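Please find the structures below.
Across the two complexes that follow, chain A remains constant while its partner is chain B and subsequently chain C.
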Partner chain A sequence: MQPITRFLCISTLAATSSLTLASTADTEARQQWHEAIAGGYQALTVETRELSDAARNYCQAPTEKSRTLVESAWLDAFVAWQRVRFVDFGPIETDNLAWQFQFWPDPKNLVARKAGYLLDNDSTITPSVIRESGVAVQGFPMMEYLLFDQEMNTGNNSLPAPHTCELLTNVALHAATNSQTLTDQWSAFKAHYIENELYRDTTIRAGMAALEILEERRLARPMGLSGNGKRNPYITDAWRSGKSLATVEATVIGLQQLYLPGLTLLLESKEETGLANRIRNQFAEVQDNFPGARMPMTAALEADDQYRTLQGLYVDISQLTSLVNDEAAVAIGVVRGFNSSDGD
Partner chain B sequence: MTSMFRPAPLALTITALLTAGCANTPWSAESPSPATKASVVSHYADLAHANYQDALITARALDEATDRLIANPTEANLRAAKDAWLAARVPYQQTEVFRFGNAIVDDWEGQLNAWPLDEGLIDYVKADDYQHELGNGGATANIIANTSVNVGGETLDVTTLTPGLLADLNEIGGSEANVATGYHAVEFLLWGQDLNGFEHGAGERPVTDYAVGAECTNGNCERRGEYLDAVTDLLVSDLDWMVAQWAPGATDNYRAQLTAADANEGVQKMLFGMGSLSLGELAGERMKVALEANSYEDEHDCFSDNTHNSHYYNGKGIQNVYTGTYRRVDGSLVSGPSLSDLVQQTDPELDARLNRQLETSMEALGLMKARAESSSNPMTFDTMIAPGNAEGSRIVNGAIMALVAQTGSIEEAARDLGIEALSPDDAGHAF
Partner chain C sequence: MPQNRRAFLKTTAASSLAVCLTGCSLLPRKATGQPEHYAGAIGLPDGRFGVSAFNRSGDILWQAPVESRCHSGCNRPDHSELLIFERRPGWSFYVFDASTGDRKHHVKAEPGEHFVGHGVFSPDGRWLYVTASRYEPGEGIVAVYDAHRNYQRADTFDLAGVGPHELTLHPDGETLVIGLGGILTHPDYDRLKLNLDTMQPALLLMNRRSGDIVGRFQPDHHQQSARHVNVGGNGRVYVAYQYQGPRYETPPLLARLEDGKLREYRFDQDTQKALANYIASVVAHPENDLVAAASPVGGTIVVFRGSTGELVSRASIPDCAGVQALTGGDFLVSSGRGRLVQVGAGKPAREIATLPVYWDHHLV
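This part shows the complex of A and B:
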């Protein structure tokens, strides 16, 4: 992480929270968030189940059509994940579920290495093999590798090779099972979440961290605006399927639908209606970049006019991040502590 | 693990832990005047200075040992060079706590301690067991075997391997994995690629990789020696520069700047360094990623299998800064006004808790170290993170949990000491 970001991290470390808590608004916000996130998890459960079915159908009867269906089911499920990805607390923390869904970043191409290891080994790939194989095997990036990686698709193990199908269907099943577990546990978590006032700040911080990661790691770094200054599409999400920026859009939509209502409710309870409106408008500004910006990151980094589109998106997201992480956080009195993206 | 690495007996390790524990007596218990933020920051600079001096002393010893190896490539000299490298890591890893928060260190350290590296940039690798960074054009450049290298369209003449040239080659093509310099480059040149995966064992570079004439293995032995010579010289001069930055009595170095600034700023840097290393870097990047993905590619000292010590001394560095103490490589103790003294003045309960948590972390990291260095059936970090290794996973998780717990108290300590937005980067933030 760049020094500037590091200092920003500590800058909020010790700001004191506001003295009087609008506890009714706080409770309402948590109810709002709980319900919204429950909907997001439910959608993820539905989409991953469909993906699991589509993978099984394709492997039973591999046709061009069933292949297209499994690819689009993968994207739908991954988009559903991107929408709830900002939630970094509660049941998603159990057994590193978040990393199980998406091990990222993967600069050493561990996904390919793990796939090679499993596929070159003759033993049957069962659900328990997936459970024991670590987070690089267990989620969307592995399925994306099997479905979209160019080298993979031209090699001996390319789908629908039976062993590769075993891997694909079992990873898809694993993700579907995890989604169902997550939905159930989130529901059971409700009372605790709503009663515990600390979850107000936890939830706000989750959105702040997601925006920070979006701006810095998912845009600025691949664009060469920070880090080593070189453009590099491989450090984004979903570069193999060319869906890096579509996933950025999904994260923004997720934040808008699941996070923003609770946040603006709190701001309005503190008579910060102007700020709440500015944040709403900024979400709309970000969304105006799509579908134009829904292109593969490699294309966006190569051609000048497409890069300009990407820059436009970046600027809008930076402004959104600043409104939420600086202005809204201060208005509500949220303190940002150390988080897992500190360090380098 | 090779026979060059002599595991310390368990009893000795425990003694070392107990001795280290003694260093934690708060300075204020013996001192008449209470610690102030200014005295704490000034002593922090003393700690950094002593710690970098030790890093320099041990790097010089490494430089001399590698010179002997190059001049006379025998098994004994290779073993001595490896021992010198391991000894040099002890103080250096403790300095990493100064990295986060002090931009001067962070901007400099990439040339000394960057990892993980695509070692194919430097020397030969076994192609079918080599996974490099995606999109890195320099991953197989092999500087030792070539007189010119081309990375990402950039062609460089590498006929004469000098410290300056290696510094220019570091992160060539903009990839952080193109590590041409520093401890891990030296480590690779001494140990070679670790081809054992999750199995026990480190890299096994033959000493004949430095042999002259017909005995030379893997080609380019003379170039390899020149590389090792240049890269160790560079390490020494880099550390020399950093020692000067923290030396007392100068008016134009970093220490002068730090101690002249508002003391709150210094305290902020101290706490930020502790918290960032503790959570995001050590617990997260260096342990949790490696464990959850079962990725030995994410092992810190992957060629030498010395990762447990890198982690242990990282943890020690965090404790050093809080307690204001540092045990030098000559055995003497540096101590003075500390953050612990400051927190004790305002919240003794928090101070006691944080001290306890730092001890707990050191015990957890000590267990990792002891297990890796155990004389019977040792388990190194790359084995601990293997799939299905329940004991290894428990040890690594224990250390992660302890570091996470202490980070929570570091945040509290920051609040307790009234650390608010102070950095110039926060201009415009309404705190």
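This part shows the complex of A and C:
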């Protein structure tokens, strides 16, 4: 045996008994997470199917009521996506599915440019056109653009123009099909996920990354607290529908419902019940900001009192991020690598 | 001294003191020769990025700030210049005085192009070869710069493929060895991989004067992205892959060019799993038959014999990525958690030093 291996073996023997306990908790946590995420994916499947139906109904019989229905169906489906958005491993990695659901960030406004290209072209927009058109076309931001963008809604191509309806209904169908695929593949992934111990850290890191993105890219940057220091509502997601902060709420609820139970199970198995409770309480603190903070980002950045509400939300999310990414991660022994998360 | 550099040094001065060699001995010299010091791109806990150089005593020689995260670099032969390239998509590279850390040049990418993090010099230190991408058509290129003329662009060599990454110079002094990852990306789409079904990765050999491709060798599987390359003292060419298929598959991740083909190395299943389908650096030791490869995703470093593929060492080093060959036959490994560890055959991994910086991918 090589010396390095021998050293590792000695360390391993010393830790065997505690490892057995940890391993049981790890498996339980993965079972917990798998089931919770399955529920999240199932909800996404239901909501995207309803969105697809609502888009078709609206385009077949465009009325004020059917328009309202498709807009609210879009929001329901997008919220369902926000709740599972933290999952960045497993079947969602196949075919860039996460990007297909939500192409973001979009600093070059590719969504609008791609829509313009497709709508100015006379060719029929079919499901295969959507499949071939790339991630900027295939998901929620494209549908949001067609439904909510002010310029789009006052132009020649505004809904329910037939060509625009073709685009909307086929994108909605694409998202619904992807959701069903994701649900099926997540189910098939179960045994591999539960048996493979590496997925404990992968899952914990997924939540950590989601919190970091939430704090830094979805709040601090648009608020002008980082980056170039300027307030900018247009770099966050769902700004066209004015739902940026509602989607923040959805992400937090998703983490609380689908991620937190497995995390606290692990913490409690390591006798970190106090920390587990502090994290639970902090999730509640974040949620206490709503519905007050459920406003368009543009409004939140313009008026002082609303900005203060936003600041309150930001502080609470920062504290939550710190509890999970620093304290819980250290307690469980998970580190997000500088190089391992880089991809080169 | 520019204000930002002063501020950077001020806030990192305390951390510099934290470096310490474990034990009393000096770190061995680099097996590849001069310069005596080591350098690498770094991240700092406060989110800023820089470049750091340290000597064989483990003392920080200098730290310099950079505008965005960097990846790897190269030393200019017979000149005290260290070049560091921005991380993909890299919009510039930096030329530092290797002794002081003073910035001498900041060279921007040509319009429509971005760098990918790596470059290498001709033996006389005049011509700099940099892997790059023309991102609209998605064409991989080698951009050639003339160091005698303040790093003006001198030539462009097409690679007839997408996603070049690391390149190095063969000991013959004439042949560039290039890892063509095969993955199409575009700066508008973040780091999204746009062609996983149709990738065509390859190990390329290119005549550095004419730009002619004199060899193109494809891995067994089209999703074995051939990113990193190295050449041993005996001229043996090694390539390391990052597999783009599902995690439950564990294909070979390392290969050596033999008889016009890539001979792929496969370790035991436990080791394959520990490498997590991702190698960030491969270095063939110039003094012996050993090859080291680091996986930050798996937190694992392996050392194996190039001739037989026999695994001689494996150690767990979280977030390890940078590797340098040391005189005497060992390797120095850096990690994103600030650690510097010496590894070799037949001995335990030895912690050399720890710094409160994140060592980025490659040690230079």
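By definition in this document, the second predicted complex is superposed on the first by the 316 of 344 C-alpha atoms of A that agree within 3 Å, B and C clash if a C-alpha of one lies under 4 Å from a C-alpha of the other, contacts with A are read in each partner's own complex, and residues count from 1 in each chain.
Throughout what follows, a residue touches a chain if its C-beta (ideal position, glycine included) is under 8 Å from a C-beta of that chain, and two chains touch if they have at least 3 such contacts.
These numbers come from a predicted model, not from an experiment.
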{"item": "Chain B versus chain C as contact partner of A:110, first or second or both or neither", "value": "both"}
{"item": "Touched partner set for A:132, first chain B, second chain C, both or neither", "value": "first"}
{"item": "Touching partner for A:192 - first (chain B), second (chain C), both, neither", "value": "second"}
{"item": "First, second, both or neither for A:158, with chain B first and chain C second", "value": "neither"}
{"item": "Partner chain(s) touched by A:330 [first = chain B, second = chain C, both, neither]", "value": "first"}
{"item": "First, second, both or neither for A:277, with chain B first and chain C second", "value": "neither"}
{"item": "Touched partner set for A:229, first chain B, second chain C, both or neither", "value": "first"}
{"item": "Per-residue contact with chain A, leading partner among chain C and chain B", "value": "B"}
{"item": "Overlap of the chain B and chain C footprints on chain A, listed as residue numbers", "value": "3-4, 7-8, 96, 99, 107-108, 110, 134-136, 335, 337-340, 342-344"}
{"item": "Contact set on chain C toward chain A in their complex", "value": "43, 71, 87-88, 116-117, 165, 188-194, 196, 227, 246-248, 273, 276, 278, 280, 296-297, 299, 312-316, 318-321, 335-337, 343, 346-349, 358-361"}
{"item": "Chain C-touching residues of chain A, taken from the complex the two chains share", "value": "2-5, 7-8, 94-96, 99, 105, 107-108, 110, 134-136, 192, 196, 198, 335, 337-340, 342-344"}
{"item": "Partner chain A, residues of chain B touching it in the complex", "value": "100-101, 103, 106-107, 116, 131-135, 171, 173-177, 268, 271-272, 275-282, 284-285, 292-295, 297-298, 387-388, 407-408, 410-411, 414-415, 417-423, 425-426, 429-431"}
{"item": "In the complex with chain B, residue positions of chain A that touch it", "value": "1, 3-4, 6-16, 96, 99, 103, 107-110, 112-113, 132-136, 224, 227-230, 232-235, 326-327, 330, 335, 337-344"}
